[in-house]
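Each of the next two complexes has chain A plus one more chain, namely chain B in the first and chain C in the second.
Then we have the complex of A and B:
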């Protein structure tokens, strides 16, 4: 599996990330331990210079990582054609025991790195760079997650066995499957929908009330409830098939790559939502974050809601 | 959070690139060569894969070959009736085909025997049978592919061809016509003749056939039919269309993957060359940065400008490289490179690479070139950006 070109490309870039992340890590540790803005020593002066390198490296990794994540999903979809039984990325993710963790880790890292960047930008605006210690501390933690991700990715691609028969997404995300996923399907759709729209309503309310922490919290819940409703309810309308719940298939050409939009909207919306709670900035910045969060969450809700509505208009029944 | 793109900074970056003409030119040429080579290879594999896949589409769902001691043997024609009795099978044909080695040209012809009054298992064959006649047993005719025609002409067989039979005597077959297949890859080395002539040349008895192809009306029943056939013929090999497709995919993944694996060395060299080139600062560049910092540029601004430079050079070279590769592969049919993938056989390579536009290839090449270039410029740019103004201007 390692020799297919897409996988090799991912691995080559991972090696670059690996090398650069190590440089950034060593410098971060140094900065985290010895940073003292009031000092006028040679060492502090050198550290200040090195902080630029570290920041540039981290920025670089993040900027490449975002499109690379989409490419990763694309690659999984492509590989699925080679595995017996797999019809979309879900089969590949489930082909090895590492797949699910890898995806979760990748998403977590995306949020973390995006947060790091926001923190960095905020930091650079102030003369005294108040967040410098904190941001490099966060990177030290993020470094280990990144390393785990890189290693896990290599291990996963190595472990994929072309000969082995894997599950198709229809089996993995079916209500009869004996996995944690099937728990979702036992919940009533109406209850989930009330939660979903209720949660969105909360986001809107707290947008007007400007309660930072609750706004962020409701965004955090929104990620979870969105994914659950996407799998259990909205997905079936995208496929127009009551039994198909896969969260990967709509990334494919047959559904006009709509999945990429869905996930990008959700990511941007909730990220800015979370950011408003985690980052203390100027009033103007915060209200900008609020607006972006609300806009993209709104787009997400509109996009998903349109599927069942259009289905109902066309067919006159609900699934 | 978003930083606005600064147009003046871009203008400055472009001018900076133009100021260092030879250095930029060198970097761009290396970069273009790299993307050009990579993109060409992926375009070629994509096209060949497309050709092969359309050939596979025309293949029957299931092929049964009789094996004895691991070798493929001729199968009894009578088996067709047993297979037809299996539920789900819509049709079964006994195929008669083989390879004939033409020593003078050093090539293999694939010869297919057909019966005019039978149903054909392939549309392209049915068309040929409709159009041409195969003559009588004592004055047989054959229809040949374009590549076969060329190689026969070179050896002065313009109207007929003498096949050497297994007992050493000659069999003269007249060329009735030349055909174009649906795809070149499939038909280039093909000869179509009647089953009787085929059996005579290769000394194959009337009761035998090379293999049996099975058609299944409902494609979701293929797996079940295969397992039923496995019970009837436990020692035969049963090949399905799907398995052929997957193995093609694997072969090409393997080939281009192997190429890419070897290519890693080039990428690494590229990284080092760029690193070295960008690190080597002329005193003029140093002074430039010194002046910029003296008039108030921050480290971040210089870094950003350097990033714009790298992005402009790499995007420009990437686009030029991909464009050149497109012209090379699809206009000029990739003269030398495609031999790596097609092989040197005289009959095989004479097909046209069809235009297959795969956006994923572009992404793949992008990720293999642009990030690597930018990565190579990070540390040198940082070195430049943190130079001390007073030290360099002095």
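Then we have the complex of A and C:
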């Protein structure tokens, strides 16, 4: 088992999350099944006290879990130096059969945990806590995903064999590779760019039309199309190499850690975009969510667009 | 209008140590009324006050103030309710001893972020009303018991609350100061405030401005 200080920190945190999540899960089930705010019984008052405690436990698990995703990526990147063949986090992800599933699960959980926090925040703004039952219901579902993530993370770190030579990102994210990911590199750049800017244009149009559900939906599509375009097209301009498509290398110092900004912009933009559609709140809050979504999606688009443009200005050619 | 419906309050330190402070208490207090809760120490008077102030929640039952179920409020909303509606006078005054009179009285205004002029106007009004203006800059710990009680009641009134709750307000005062405090309560009654006093001081039981006296014995209203 690979036990660098970063991995150790993640594992210790996971043990803490595991224990507290189990407590929160047991109480959540109880609250979800028996909650009735209109009741003035002793059992309901007890549940109200417990709901505050439980929500606080969940809140702090998720508040730490959300930014911890970046630390997890940073850790993968850091330990890549210990694996023969790995040049960045991609090599570590690919070193075991769990890595890719773990990353996908972490992305799903990232949105889910952030949504729970937003829901809880909204719930606490109302005297009659309209979302209490819903938020504990969501946590019950999220609990299983959280547990899967924790277990998968432990299993992945345990399965990493530092004696084993792993593939580097150049081999994993190559158009000649035989993986499902290589399919996206064969897509035409022009098609991807039309989809990418077209999708962003739709976000802008639905922002002005204030169509919250379609706005949320276009943000959901934007997550997928953005990641594909980033890996397939924009990444090559960040690396200034037409054959390099790695989604992790630009997290490194050599690229001024720009990857963190890229992913943070994308996450915040699309998360608030989804939130505007999936969280019933005041008009003021929805309007705020719209604005944050548009701002961060815009920053994301500007940041990515600047790379090919600057490359063209500097070199007079496209890759 | 304050309504307590079938209130039970149990303090449970552990499974073996369980105190029933209130047992199925129902009580209705109309607006502008002065009500005295009479009973021995430990009878449950203070528990009723803390429930009305939303400082604690009942074990079962309901507290409704002006149609709002305050026993159902979360801590955040309970604080706002308290800030806007309740003035609490404690037996031991609960002042901050090293602060001046004016700073103690101004404390409830801090979360409101009022501008200095408005705050000073409110301060001047209550200090005048409760005859403590001449001690505005004195440090509280140097004041007499009666003066401290006047500071406490000025602080309780600076937000102009509709409800004044007083928990054994004369327990630390001599008879002269107690009578002067009663005069203050009379003045507050004339301003149509609802006043609930928990006390076992006989001075309160035959006052002309007191609308009703409720006796509590071992957590049960008689």
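Quick notes
Here is the rule we use: the second predicted complex is superposed on the first by the 317 of 319 C-alpha atoms of A that agree within 3 Å, B and C clash if a C-alpha of one lies under 4 Å from a C-alpha of the other, contacts with A are read in each partner's own complex, and residues count from 1 in each chain.
Throughout what follows, a residue touches a chain if its C-beta (ideal position, glycine included) is under 8 Å from a C-beta of that chain, and two chains touch if they have at least 3 such contacts.
Remember, predicted model here, so these are calculated numbers, not experimental data.
More residues of chain A lie in contact with B than with the other chain of the pair chain B and chain C. In the superposed pair of complexes, A:52 makes contact with chain B and with chain C alike.
Of the two partner chains placed around the shared chain by superposition, chain B and chain C are both touched by A:124.
By the document's definition of touching, neither partner reaches A:190: not chain B, not chain C.
Once the two complexes are laid over each other on the shared chain, residue contacts for A:42 go to chain C alone; chain B is not touched.
By the touch criterion defined above, A:12 lies against chain B but remains apart from chain C after alignment on the C-alpha atoms of chain A.
Common to the chain B-facing and chain C-facing surfaces of chain A are residues 49, 52, 124. Chain B contributes residues 1, 3, 42, 246, 249-250, 253-254, 256-258, 260-261, 264, 267, 299-300, 303, 360, 363-364, 367-368, 371-372, 374-375, 378-379, 381-382, 385-386 to its touches with chain A in the complex. Listed in rising order, the residues of chain A touching chain C in the complex are 37, 40-42, 45, 48-49, 52, 124, 127-129.
Interface residues of chain C facing chain A in the complex, by the touch rule stated above, are 5-6, 8, 57-62, 71-77. Within the complex, the chain A residues that touch chain B are 2-10, 12-13, 16, 20, 49, 52-53, 56-57, 60, 64, 67-68, 71, 74, 78, 81-82, 84, 117-118, 121, 124, 162, 275, 285, 289.
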